[in-house]
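Two complexes are shown next, each including chain A; its partner changes from chain B in the first to chain C in the second.
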Partner chain A sequence: MKKLLSIIMVMAIAASFIYAGGAQEVAPADEDMKLVLLVKSLGNGFFEAVADGGQEAAGELGNVESIYQGPSSSTAEGQIEIIETLIAQKVDGIAISANDRDALIPVAKKAMKAGIKVISFDSGIASGGRIVDLAPSDEELIGRQQIELIAELCDYKGQVAVVSATSQATNQNAWIEWMKEEIKEPAYKDMELVEVVYGDDASDKSYREAVGLMEKYPELAGIISPTTIGILASAKAIEDEGKKGQVQLTGLGLPSEMKQYIENGTCQQMALWNPVDLGYTSTYILYALATGAVEGNPGDVIDCGRMGDVVIGEDGISIMGTPFVFTAENIAKYAEIF
Partner chain B sequence: MSIPTSIKTITQRRETSLILLIGVLLFGVTMRAPNFVSVTNIERIVNDTSILIMVSIGQFFVILTGGIDLSVASMIGLSGMSAAMINQYNPGMPAGFVLIIGMLIGMVLGMINGAAVAYGKVPPIITTLGTMSIYRGMTFVISRGQWVTAHEMTESYMNLPHGNFLGISNLIWWGIVVSVIMFYFSKYTKRGREIYAIGGNKVAAKFVGVEEKKIHMTIFTLSGILSGIAGVMWTSRFAAAVNETAAGFELQTVAACVIGGVSIAGGSGAVVGVVLGALFLGIINNALPVINLSPFYQMFIQGAIVLVAMLINTLSEKRREQELLKGRQQ
Partner chain C sequence: MAEKKRELVSGSRLVDENSLKERLIVIFTKWEVILAVLIVFEFILFSNLSPYFLDYFNLMNSTFTFMEKAIMALPMIFIIMSGDIDISIASIIALCSFSMGFASSHEIGAAGIVIIGLLAGLSAGMVNGFLVTSFKMPAIAVTLATQSIFRGISQAILEDQAYTKYPEKFAYFGQGYLGETLIPFELVLFLVLAAIMGFVLHKTQYGRKLYAIGNSKEAARFSGVKVDRARFINFTLMGLFCGISAVLLTSRIGSTRPNIALGWDMEVITLVVLGGVSITGGKGNLFGVLMAIFLLGYLKFGMGLINLSAKVMIITTGLLLIIAVLLPGFLDTVKARRKLRRQQKESGMVEV
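For the complex of A and B:
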């Protein structure tokens, strides 16, 4: 009996050793990796959505804990303070939407020296203060997608026109150049980009230009307006002119502003980058850097789950992908966010 | 020939020359866009220009005294945003009531301008340059940078300018009613004539008992009220209250006055001229998108037409002044 008891005790002790030892050995690999999304400020719907994206990625990756942090007001000082504490906590990675592209460089360098991977997204940190800067999209992807969207709406045929912001707006002009490239593809052989007009981001001028387009081209099939005021004014103009259903509309717009027109079908689909995707992709990139899967050198390719591969470009700048498409199905959810 | 009748002919002639100019402009546009002069399009242009007409009349009274109101666009923005937000948070409130509140907000903003000019002795251009930024800034503050758009507005609010009475849109009716009342006010009321007097000869006007302070309060308050109405109409018409609403619009109102024959130095001009001047600008604004010209040419043409119109106006005015002098000498 005593013998049996001692055997059991020995076994129990041994087991506890094994267990404890095992726990100690396995822990570093098994313990959740702490990846932080540090945003400009708390209490902003846009960034809450970024946090949701981080959670989604963490769920898919498994051993990741996604932490959402931000100062109560949008200041660089607040962010610096938080980064200092994160260094002390020895987190594995920080993705930052910076309140100041230069002011965060010293503290970010300190974090990187401590072995923490630092990237920026949404609002970048200048070169030297982060490994990767994630841009939501690029000119080519945006421009080409706009043509695809309008083509889907008007069955790949007819005249389309663009209501832009000002004639000097660099980003708008770059997108329009890519639209002109894309429409040369054989798929759009029955489509024609007839004119680009400029609403100067003023509601009255954009409205007038949209009305003018419908006057000038009675057969107009679609309007693309890659600017928030332009798309709103165009939607109103199409409705007021009684051309809803006849003239289709797409562009880049904020869900909260375009909700009405997307739900009632004046603008059946439009695009914009989406904060959920930004949080999601940032977390994937941090994970790849923190596990050592990639170094973060130009040319490195990171698998970002449902967002596909993200390639790190020159100076660490990476492009997330094609903007997200908003339709009547998902608009209500995103209209709450931004 | 007696002086009063010749003054009368001058004003008549100035408006006639403007009507002729408008005719030439319409003809020119029709050469390039044949459908431009159709009943629906003319109605569309008048509808589009009604806001400009209302605000330009407010501007007219200020210019008549030799001042200028640079804050009209910001007053439109602030009262429009306020009205849209009131509508957003109190969807049960009748739209007509929201319109009155918007008008009152404009009135208060205008009174602030008036008080600074009348009692603070700050020149109008400085006062309104300041309040232009203050009111625009306040728009951002109350909206927290957010816009109010269609789905946050009620149907009745968005219908304020769109609804129609006797087949003419409410917005056009507003333009007509404001023009008629202001025409009467400027011509047949004591206060209206006092405004002309102050602008024509401040010292003489003071001697005959015109109170300059009251006049300043009146004109800026009037400009504010009209901008307030315009703000509500603007945000409801485009179903969007953005922070930059009407940015740069103040210059259009000044241009409408000057094209309409209002002297920047004060003292002369008439409501009818301002209405025609605004229509002239409205026609250009609506013609440019349909005449198939590159946007860079459009900017050039817009500027050129405005300048030419002003030149014609001032030159003919000068000639008539000379004729008047000749008449006096004889």
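For the complex of A and C:
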């Protein structure tokens, strides 16, 4: 019986090989360029928006098929499995938001050796595992923009203060340094950055610090909170203290969390990188690399449609641009995404 | 005993009578044969859907992504066969990988790293085995606890850091090919290990003991089987094989992070159950698991090739699992009914 079993199996497998062999010849050559957006995991609104950006870019570029892929849970192993299949189907480019900056290097190298252009965005792969790493923004652009936003809200005059994360937070400290640079510009001569307080990225502490600021500076015109937890707590503090309209608020916030405060005017505008733009720009960069328009060397300039030019920097690190500004007009749409 | 003998005799006579049709029914209601047919179907399907599926390099290369889990499935057959379970295996990988990273950061060479990884796995397995057999605790409770402990050790020390420096030679185990061929080293190692474990399970006294333990621990104990010793050996083997897997995986991704191999415990158990090994023990064989490994591995690969989302993959696996669990019972009832009807018919004929 075992013999019969194995004979049937061997025959069946052989048949499938012959059958498939014939099918392979008639398979049409795919003309479209396949550019993949490989995200940390599926079922995350942020990344669904990245996929929308990829589709938008593909539509503008014409002969591009934008493929959206991701593992079911956020693991490097899951992403590696997907990259192996992408190598097998000989796609033209992969943009990755990496679950692990190191673990993806060997397989990414394998992909590049097979002629596939690999870049990372949002969450980078360490140097050697990608050609370009697209950062949503940089310290200088973020810091300077925060001052511009608050100045617009309080008519370029008055005292402003910052509710930051922890006093050791590398990101926030770098941004605040650039805020201090920007406010020295002549346009802000009537403005003063009076104090930086630290809410430690805890809701209750951020809230108390914001209340403390308003008590200490009765003439306070604005609060900048470049952290998602801080801006939310500050918005609540301003409303609770009855200072809405008197103390303006801006910062970096999540649209879904900040929607009510943006719509009711407590925080009329805030910034954050926009996932749609990330997917859009990544696809443009992959296209430029895959068509051979640029090699990906430092100094190369890539035309990224509505996002303007992106310059490849040292070690492949490239900056997409100033963060996206959310206002009452566009907040509803993005609040559904992230 | 005498009854059983008579049943066998009458059974074989029936097969003779109904010849080919009956024999085909017997074969095609075997779960591993159904799996084999599914593999053939899968190959036909995907080679029609994607021109890249039936490609020698791709078929070989894609095994990289499931060989480590396949290796872990082998001793898991032993464990599930004897009515136990081990849900700490992914954490053992983390512990092994952490030990190797630690060794590597102290300038130990490739061979030393491998030995340390294997030893870490072996000892973790022995801890599981010791706890399960000495304190008479259910395996699921013990391994649930060690699941947290084994991974916790690497989490506590590494936090959000990673070991990323491994010697160049070390990369061979998880990225290398056999000589000048396109056959991955991981695949060869798996096939060798599968042959050894298959031999132990199906051709040695030890294997037969496992079936006996799985059917009834008490009965096995009364008939002189050293149940706890066998279970201890199973868990130790599981640990050792996790060590082997950890060497391959760490080498393949060239780095160690505390969340390495997260979720693999369930994936490995899935392979074994889908392979037809009864989750309550005592039933199944290695061939079925072998089929399940390649069925799922190539299913994932094929779905990836046509860019199906991972969600579809999860649902498909879930459906297959339900079938795998339900079908054997269903087939048994059908078979029993057929037999009963036939026996009735036979006895009726005798009476006439």
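A few points about this structure:
Assume the second predicted complex is superposed on the first by the 308 of 338 C-alpha atoms of A that agree within 3 Å, B and C clash if a C-alpha of one lies under 4 Å from a C-alpha of the other, contacts with A are read in each partner's own complex, and residues count from 1 in each chain.
Just so it is clear, a residue touches a chain if its C-beta (ideal position, glycine included) is under 8 Å from a C-beta of that chain, and two chains touch if they have at least 3 such contacts.
Just so it is clear, the structure is predicted and the values come from calculations on it, not from any experiment.
Shared-chain residue A:42: touches chain C; no touch with chain B.
Contacts of A:106 after superposition on the shared chain: chain C is touched, whereas chain B is not. In the superposition on chain A, A:216 makes contact with chain B only, while chain C stays out of contact range. In the superposition on chain A, contact of A:203 is made with chain B only, not with chain C.
Of the two partner chains placed around the shared chain by superposition, neither chain B nor chain C is touched by A:306. Here chain B and chain C are compared by how many residues of chain A each touches, and C touches more.
In the superposed pair of complexes, A:73 makes contact with chain C only, with no contact to chain B.
When the shared chain is aligned, chain C comes close enough to touch A:84, but chain B does not. In the superposition on chain A, contact of A:259 is made with chain B only, not with chain C.
No residue of chain A is contacted both by chain B in one complex and by chain C in the other.
For chain C in complex with chain A, the touching residues are 23, 26-27, 33, 36-37, 39-40, 43-44, 47-48, 50-55, 58, 61-62, 64-65, 162, 164, 171, 175, 249, 252-255, 257, 259-264, 300-301, 304-305, 307, 309-311, 313-314. Chain A meets chain C in the complex at residues 1, 4-5, 8-9, 12-13, 15-17, 19-21, 23-24, 27, 42-43, 67, 69-73, 75-78, 80-82, 84-90, 100, 102-107, 126.
The touching residues of chain A, when paired with chain B in their complex, are 167, 197-198, 201-205, 207-209, 211-213, 215-216, 229, 232-233, 235-236, 240, 256-261, 263, 335. Interface of chain B with chain A (complex): residues 33, 35, 41, 44, 48, 146-147, 149-151, 162, 234, 238-240, 242, 244-248, 285-286, 288-290, 292, 295-296.
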